[in-house]
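Chain naming follows the written order as A, B, C and D, and within any one chain the residues start at number 1.
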Amino acid sequence: MADIRSLHDAVADLIHDGDTLAMEGFTHLIPYAAAHEVVRQGITDLTLARMTPDVIYDQLIGAGLVKKLIFSWGGNPGVGSLHRFRDAVENGWPRPLELDEHSHAGMANRYVAGASRLPFAVLRGYRGSDLATRTDTVSSVTCPFTGEELAAVAALNPDVTVIHAQQADHDGNVQLWGLTGVQKEAALAADRVLVTVEEIVDELTPRPGGVVLPTWVIDAVAVVPGGAHPSYATGYTVRDNAFYQAWDPIARDRGTFAQWLDTHVRTDTVRTEGAGVR
Amino acid sequence: MTTTEDFTDFTRDELMEVNAARALAGARTCFVGIGLPSTAANLARNTVNPGLVLIYESGTIGSKPTRLPLSIGDGELAETADAVVPVPEMFNYWLQGGRIDVGFLGAAQVDRFANINTTVVDRGPDKPEGRLPGAGGAPEIASNCGKVLMVLRHSTRNFVRRLDFVTTLGHGSGPGDRKELGMPGAGPVAVITDLGILRPDPATAELVLTELHPGITVEQVRAATGWELKTAGTVGVTEPPSPAELAALRALKSAGKSAEKDDAR
Amino acid sequence: MADIRSLHDAVADLIHDGDTLAMEGFTHLIPYAAAHEVVRQGITDLTLARMTPDVIYDQLIGAGLVKKLIFSWGGNPGVGSLHRFRDAVENGWPRPLELDEHSHAGMANRYVAGASRLPFAVLRGYRGSDLATRTDTVSSVTCPFTGEELAAVAALNPDVTVIHAQQADHDGNVQLWGLTGVQKEAALAADRVLVTVEEIVDELTPRPGGVVLPTWVIDAVAVVPGGAHPSYATGYTVRDNAFYQAWDPIARDRGTFAQWLDTHVRTDTVRTEGAGVR
Amino acid sequence: MTTTEDFTDFTRDELMEVNAARALAGARTCFVGIGLPSTAANLARNTVNPGLVLIYESGTIGSKPTRLPLSIGDGELAETADAVVPVPEMFNYWLQGGRIDVGFLGAAQVDRFANINTTVVDRGPDKPEGRLPGAGGAPEIASNCGKVLMVLRHSTRNFVRRLDFVTTLGHGSGPGDRKELGMPGAGPVAVITDLGILRPDPATAELVLTELHPGITVEQVRAATGWELKTAGTVGVTEPPSPAELAALRALKSAGKSAEKDDAR
């Protein structure tokens, strides 16, 4: 059953040094506020999983908290490179970053296998790609009916998954809608689940495209309005495209990045996400 | 920079974008990568193919955005979609399920067989590999869509003799490779650039120059290609963008306040 | 693209003798009217697939049109046996019925594999059950990562899938909501798809729990109000539990059944589904 | 037939149903088969376990029906649910995903190790096999739920020495079989009948009589069991149904106009 808790306490209790942590949200509903709380608490040696690492993981990687990244596309969507990610991979700064790299289809199916508590998933993928040569989580299986050889990807079962949703009720049941990406799979694949929400409502009204996660698959809900900024929460906030563009010069330089992190995340004990960036 | 009122002048990027859109004439469904492919696909909806079904890997089927999305997850893509599905369903039922006619991809590096690298580049001895964003949906888009279109700017940095890493298979090392690997789709059928169009030679699967954009010479294209580019028996010249095409393109971009800041050189 | 057609023409064009035909709908939205049209047209030698054969397949089996049944639970839900099904299996009347029998989890995954255009799906299932000894569509695969042996089920790709939905628009896009069962998978797994709908609307409004099938994955839409009777269409009709109970004595006797079929299906060229049963 | 006003008298079926509901005390989630399990689970929600999350294989999670559903797909199950999911998701993410505490099953035949047959019965030489409905969700419910409860009426037709077909594994041929087969859940922990309750002996996994319903004798149970039924060291007696339990049960049934016409013998 989900307890409704402060973001600080939920992060402190659920996310530990060395965890495999998935913060999902496919461009929509990205749990930035929770990531910033991880920075503030200095939770480190993390293995981060996410289909599209995005600016959220650029920040965690730049903060020196990440030893390994499991992913399939690492860019600043619509803008360009993730400079902190590149600096870590290319130059080992602030620490070397191990990679487990996949295609989107492979990553999505790794979460599906995880949610299904199967050790692997099957897809017709990775054919002719060098990707499989650099990871030990892609293999192959032979169809026992047709003899066709198919790709097998290892299940991904994070220690903790964090997602952002629009609403929870007082019992901790959660609903998200709009682009819901792989969040259901990432949550059901994890041992522990934290959901940040825009607000608590008396009753969840079923929405078109709504995904409901019952309270008994969630460990904690934290109310963090705007907690997806600079990404967005359909019905509550809009995507702050300007932030994504402003991030490029901030992240390009180690010093500028460090200063940004100090000013806007580390000293930000009262959450004022997104302030002062433009 | 072109002014928005002058439809007799246009940039090379506009030539690329208009021709990329034209390549979608007749297609029913298109799996759209972000950036140039998205520009082309949205332009096609506003010109040659109003019924084109745009599919984004974020889970939207039949998006009808009024402006160019900055990211594949812009809210308008979902709000205007016929259906929004979870990402695993998108890749398993719709893409792998063989439901999509055309995959439209960009690339960082492409070789003569239209193989793609978007993972890492070799930056020379004693230097670390240069890191690119990675595969995203491309390997399975290229494998499973009915056919693949590519759009990218022409330079020796992009059109290389040998890929540093094969992220996404185009035609492998020649005809038959796709079939041998059991790839359902036909693979890349055209690479549209700011200089012209390359298509695989039916006999060799090697990309050859089949069309030049107006005012571009074969020599210019060869100089921008990292291998000894062959030409088709007859090299055509693409139709100049019509005023309607240019107007539609520029309207899309100004509505989108697109982040592709260097679109117009 | 879906053409909006008469039920007669759609069935005649899309369903042929010898086809593998799936008429899905998990107690809700069962396409009875289309099944009755199959009876009227005498389309025969069918292989029928359905997780829960239900009264709809009892009717087709009793009509002598079915040579094989692929299924996982064959009863009259909440009432008892399917007598025509039992008579066919036990006594070969009106013709022998070959069975390919699974568990629900296996059948659902067979459709998932079919929709994914994979040759098989993997599940942790059938363990310790004799089911696998009577079918050649269950096998096993070994996880290349953990060595665990898991069940593999062969993909199910019907020649034709028929479903009933609440609404289509004029372009043939379809939306169903409420319990949506395995209909999406069954439709996407098939070569041809027929959807009967309660009504055509000018615009499909997204519904909570709604499943939208775009027109370009459907071959034909036929408007058949009440076409799910005695099952139901959420928002339009309610389940006719009395019919399900009345079916038991009708189906128990060959003669009574034959008379019912003649009276209520075969001579019913203008569709008046469900009339005169109670 | 019991009158609905008399709570001092009750039927054997009511004893079975009330005790089946009691077995759900403390459970968070229950995967509910139709028929007797559904009666028990709904009664539990109205008595010992108001917070019990009912999960039906038709895809409903957290259904709160006000009457007994005739089928697992009755509209009210979906309308009152916390979430409705597609059937494949139900079996893969929720059931196989290990999210469900208790699987509640009925059975046509059960053997001494709580293995279940719902497929075919042998009707003797020269006669065709008798056909039962089949497996439904049971094999994976019994495998993947934390534990399994069973409810069925006691007779030598149902409690048999040897199953004609093993549809659903309970404890196989004894302790260790489930582990050897890699079955995640603990398997059957109680079989609740109209005569009493059988539970697997911890040492042998064989079902033994642990409780009798009030007024029932060990001999009656033995006579209704197709194998030499053993008894636990101490055989308890179940508490008689309370007026509140009986009132809740009868209210559920009269609201449901249940199709289980033979519920009250």
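Operating definition for what follows: contacts are C-beta pairs under 8 Å (C-beta built on N, C-alpha and C of every residue); 3 or more make two chains touch, one makes a residue touch a chain.
If you're wondering where the values come from, they're calculated on a predicted model, not measured in any experiment.
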item: Whole-Å gap separating chain C and chain D, where each centre is the average of the chain's CA atoms; value: 28
item: Computed distance of Cα centres, chain C from chain B, in Å; value: 41
item: Residues within chain B bordering two or more other chains; value: 92, 96, 184
item: Residues of chain C engaged with two or more neighbouring chains; value: 112, 116-118, 123-124, 148, 184-185, 209
item: Overall pattern in which the protein chains touch one another (line/ring/star/complete/other); value: other
item: Pairs of chains, among all present, that meet the touch criterion; value: A-B, A-C, A-D, B-C, C-D
item: Touching residues (chain side chain C, partner chain D) in the complex; value: 26-28, 51-52, 71-75, 77-79, 81-82, 85-86, 89-91, 101-105, 108-109, 111-112, 123-131, 148-149, 178-182, 184-185, 209, 211, 231-232, 234, 238-239, 241, 244-245
item: Residue ranges of chain A in contact with chain D within the complex; value: 112, 115-118, 173, 184-185, 188, 204, 212-214, 216-217
item: Touch list for chain B against partner chain C, complex; value: 28-29, 53, 61-62, 82-83, 92-93, 96-99, 184
item: Complex contact set, residues of chain B against chain A; value: 34-35, 57-60, 69-75, 77-79, 84, 86-88, 90-92, 95-96, 115, 119, 128-131, 133-140, 143-144, 165-169, 172, 177-178, 181-184, 257, 259
item: Touch list for chain A against partner chain C, complex; value: 116-124, 137, 139-146, 148, 150, 152, 154, 206-210
